[in-house]
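In what follows, chain A forms one complex with chain B and a second complex with chain C.
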Partner chain A sequence: MFLTIGELINSTRDEVKQALKEKDEELIRKLAREQAEAGADVIDLNAGESMEDEKDDMDWLIDLVEDEVDDVRICVDTPDPEVLEFGLEKVENRPVINSISNEEDKAKAREVASEYDADIIGLAMGEEGMPETVEDRLNETEALVKKCEKLGIDTDNLYMDVIAMTIGSNQEQGQYVIDSVREIKENFDVKTNIGLSNMSFGLPDRGLINRTVFAMLLEAGLDAALIDPTDKPMMDTLKAAEALLGEDQNCLNYLKYKRSG
Partner chain B sequence: MSDLLDDLYQAVYEMDEDSAVDLTNEALDEGMDPEVLLNDALIPAMDEVGKLYEDGERYVPEMLLSAEAMKGSMKILRPLLAESGVEPTGVVVLGTVEGDLHDIGMNLVGMMLEGGGFEVINLGPETPAEKFVEAVKENDANLLGMSALLTTTMTHMPEVIEALEEEGVRDQVEVAIGGAPVSQDFADEIGADGYAADAASATDLFKKFAE
Partner chain C sequence: MFLTIGELINSTRDEVKQALKEKDEELIRKLAREQAEAGADVIDLNAGESMEDEKDDMDWLIDLVEDEVDDVRICVDTPDPEVLEFGLEKVENRPVINSISNEEDKAKAREVASEYDADIIGLAMGEEGMPETVEDRLNETEALVKKCEKLGIDTDNLYMDVIAMTIGSNQEQGQYVIDSVREIKENFDVKTNIGLSNMSFGLPDRGLINRTVFAMLLEAGLDAALIDPTDKPMMDTLKAAEALLGEDQNCLNYLKYKRSG
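Up next is the complex of A and B:
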């Protein structure tokens, strides 16, 4: 089943940054509720902006979101292994980890990830920086799979993030991420993920670009995405694509989705 | 004569690198002053394109093409300008700080600065502090711009400023910072000389510094 990860509670967004500063419970509750109602399976929580007390803020966010949404799954989104461990320990349901990679300074995060039963987002990048080609992404996947196996991580829980880059400055990147999803799934026993919105940077009508590539990625076998689930056309695309790809028996989910408005 | 200037302006404005190169050569053959080509065709064209971008009428791919057209022309003009002793508006070292791969915004700043007659040394993404210092020394730069798009990498900005101090070149450059997580407050806190919220205001800021 496709995993929709709601991206809105992220401290790099101004309103969330502000809410963290002022401890504005209402805004966080509203964002959690709206994303869940719109169909998010997982709510991503990122408090990285508050460099001073990220752990306290993560603590506060988890309490609020778990109180607001029944049976919510939380994605602990942090660069700090200590905050990661804290979040994984605290959440009620099976968490998602955002993220690990082949980078040296992610060693501790990889270790922490191995100690919990969680879905893990693994970025297809390492010391050489951002991947350029499909081959780069496959190499990073191979290296990360090896690291995970060594740590005893079940790679079936590993969601390789294919790293979206803007087509505005490099027009090959659209085809690259689509091919990467397809080839990663062919060659490795892992799942795939993407944070879509980078793709459309610098272009008009970003939603159109985002949902078009989303449909293409779904056909290639994409398993999860960090998206704004309250972006209705985006969720429309997901439901229609699932029906078109034969993943929605008798189109019942699509019908239910359309009837619910 | 001024027809050629208009045509060169149009070539950059219309994102046509081949024409920009041809027209530059043609104009030089007719004895036109390289400085006139720069100041009366290239700079105003990029200025106009920058304005259109700011207003949301042009987009990143179009900016890139106009910048390519300007660069094609500048490749021919730069040695001639240097020969005749024309100084660039300023010499800017640009880079995204260590660990940060997001360079699109910074590249836009670089393009708009080149369009404004600056000499730009673009160190690209993931630039360690010592590379910034090296580039400032090597190019005798008087301006430095750095960007960070992540809360986890903006912490490298003060390191660059410290490295400039340690190497005794802090007084030689005005330092501006940019990127989503940084602010004027952060610039003040780390002792940078300025902050810009977007590519257009970065260009204005550097122009002010260069005056």
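Up next is the complex of A and C:
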């Protein structure tokens, strides 16, 4: 089943940064509720911009979101392994980790990830920085799978993030991420993920670019994505794609979705 | 370059059938103009419902559409080889033929097609009727390619139509048509086409289903489609897909399209 990860509670977004500063419960509750109602399976929580207060803010976010939404799965989104461990220890349901990679300074995060039963987003990047080609992404996947196996991580839980980059500055990145999803799934026993909105950075009508490549990625076998689930045309695309790809028996979910809204 | 074939001047549509009966020039001119302005490369003309008047009506349609739209390419859409030959003889610019197939009663149409310089839509079907699986479509392609080669038709001009069927009654048809486009292009030196709207027959929000599978088909390598080019979200999908698939240098067409509309 496809994993929709709601991306809106992220401290790099101005309204969330402000809400963390002012402890604005209502804004956070609203973002959690709206994303869950729109169909998010997981809600990403990122308080990275809070700097030294990141752990306290993550604590506050988890309490709020778990109180507001029933049976929510939380994605602990942090560069700090201590905050990661704190979050994984605290959350009620099986969490998602965002993220590990082959980077040296992610060694502690990889270790923490190995100690919890979680789905894990693994970025297809390492010391050389962002990947360029499909081959780069396959190499990073191979390296990360090896590191995970060494740590005893079940790679069934690993969602390789193919690293979206804007087609606005590099026209090849669209086909690269699509082919990466297809080839990672052909060559490794892992799942795939993408932070979709980066695809359209700098272009007009970003939603159109995002949902068009989303359809293509779903056909290629994408298993999860960080998206804004309150973007209705985006969720429309997901529901239509599931019906088209034979993942929605007799189109019943599609019919229900269309009737409800 | 992708070939957008405007499907609206078709006598199976009530308003067109009526316009043919009443010789309503304005309706036909409007449909031709709107489709061309929306980006159709080719305008399909079908007067099949006029029965014994089909040839006269095709004559009238071609005159009107060529008068209304500059430099239009016309798709002569008829089951009658005599009307086909008449249309191919009459049109000013290089035409498209809709359609030939492996069916026995298409023998004369295949022969006519071989005598003109035209793009040719070849339906992936024969005596057994509509295809079911990807294999059926590949077999029909192989058979039609052989027939075309025997007649001296350059298969570079052959657009194999993968035969869209609604996912409303068969959930596998979505993946089947996508895989058919991919495999036909891998295995034969031909192009591909689809009559897109059949995919969504009987389902709500047909446009959503159509444009979602359109994105997937374009990624698979689709070369042409019969669509309603005045359906703006559909043309949006085409422009976004061309930018995403590296077929729009620096996204300049996308930027121009978005600025103009």
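A few notes on this one:
To be clear about the criterion, the second predicted complex is superposed on the first by the 261 of 261 C-alpha atoms of A that agree within 3 Å, B and C clash if a C-alpha of one lies under 4 Å from a C-alpha of the other, contacts with A are read in each partner's own complex, and residues count from 1 in each chain.
Here is the rule we go by: a contact is a pair of C-beta atoms (placed from the backbone, for glycine too) under 8 Å apart; a residue touches a chain by one contact, two chains touch by 3 or more.
Worth saying up front: this structure is predicted, and the values here are computed from it rather than measured.
When the two structures are aligned on the shared chain, A:Glu68 is found in touch with neither chain B nor chain C.
Of the two partner chains placed by the overlay, chain B and chain C both lie in contact with A:Gly168. Once the two complexes are laid over each other on the shared chain, residue contacts for A:Glu34 go to neither chain B nor chain C.
In the superposed pair of complexes, A:Gly129 makes contact with chain B only, with no contact to chain C. Of the two partner chains, neither chain B nor chain C is touched by A:Asp59. Shared-chain residue A:Glu142: touches no atom of chain B or chain C. Of the two partners chain B and chain C, it is C that touches the larger number of chain A residues. Contact with both chain B and chain C is seen for A:Leu203 once the two complexes are overlaid on the shared chain.
Touch criterion met: A:Glu49 reaches chain B, while chain C stays clear of it. Of the two partner chains, chain B is the only one that A:Ser11 touches; chain C does not reach it.
With the contact threshold set out at the top, residues 168, 171, 203-204 of chain A are in contact with chain B in one structure and with chain C in the other. By the touch criterion given at the top, residues 56, 59-61, 63-64, 101, 104, 107, 125-126, 150-152, 155, 180-181 of chain B touch chain A in their complex. By the touch rule above, chain C contacts chain A in their complex via residues 167-168, 171-172, 174-175, 178, 199, 203-205, 208-209, 212-213, 215-216, 218-220, 236-237, 240-241, 243-246, 248-251, 254-255, 258-259.
The touching residues of chain A, when paired with chain B in their complex, are 11-12, 48-49, 51, 79, 125, 129-130, 166, 168-169, 171, 201-204.
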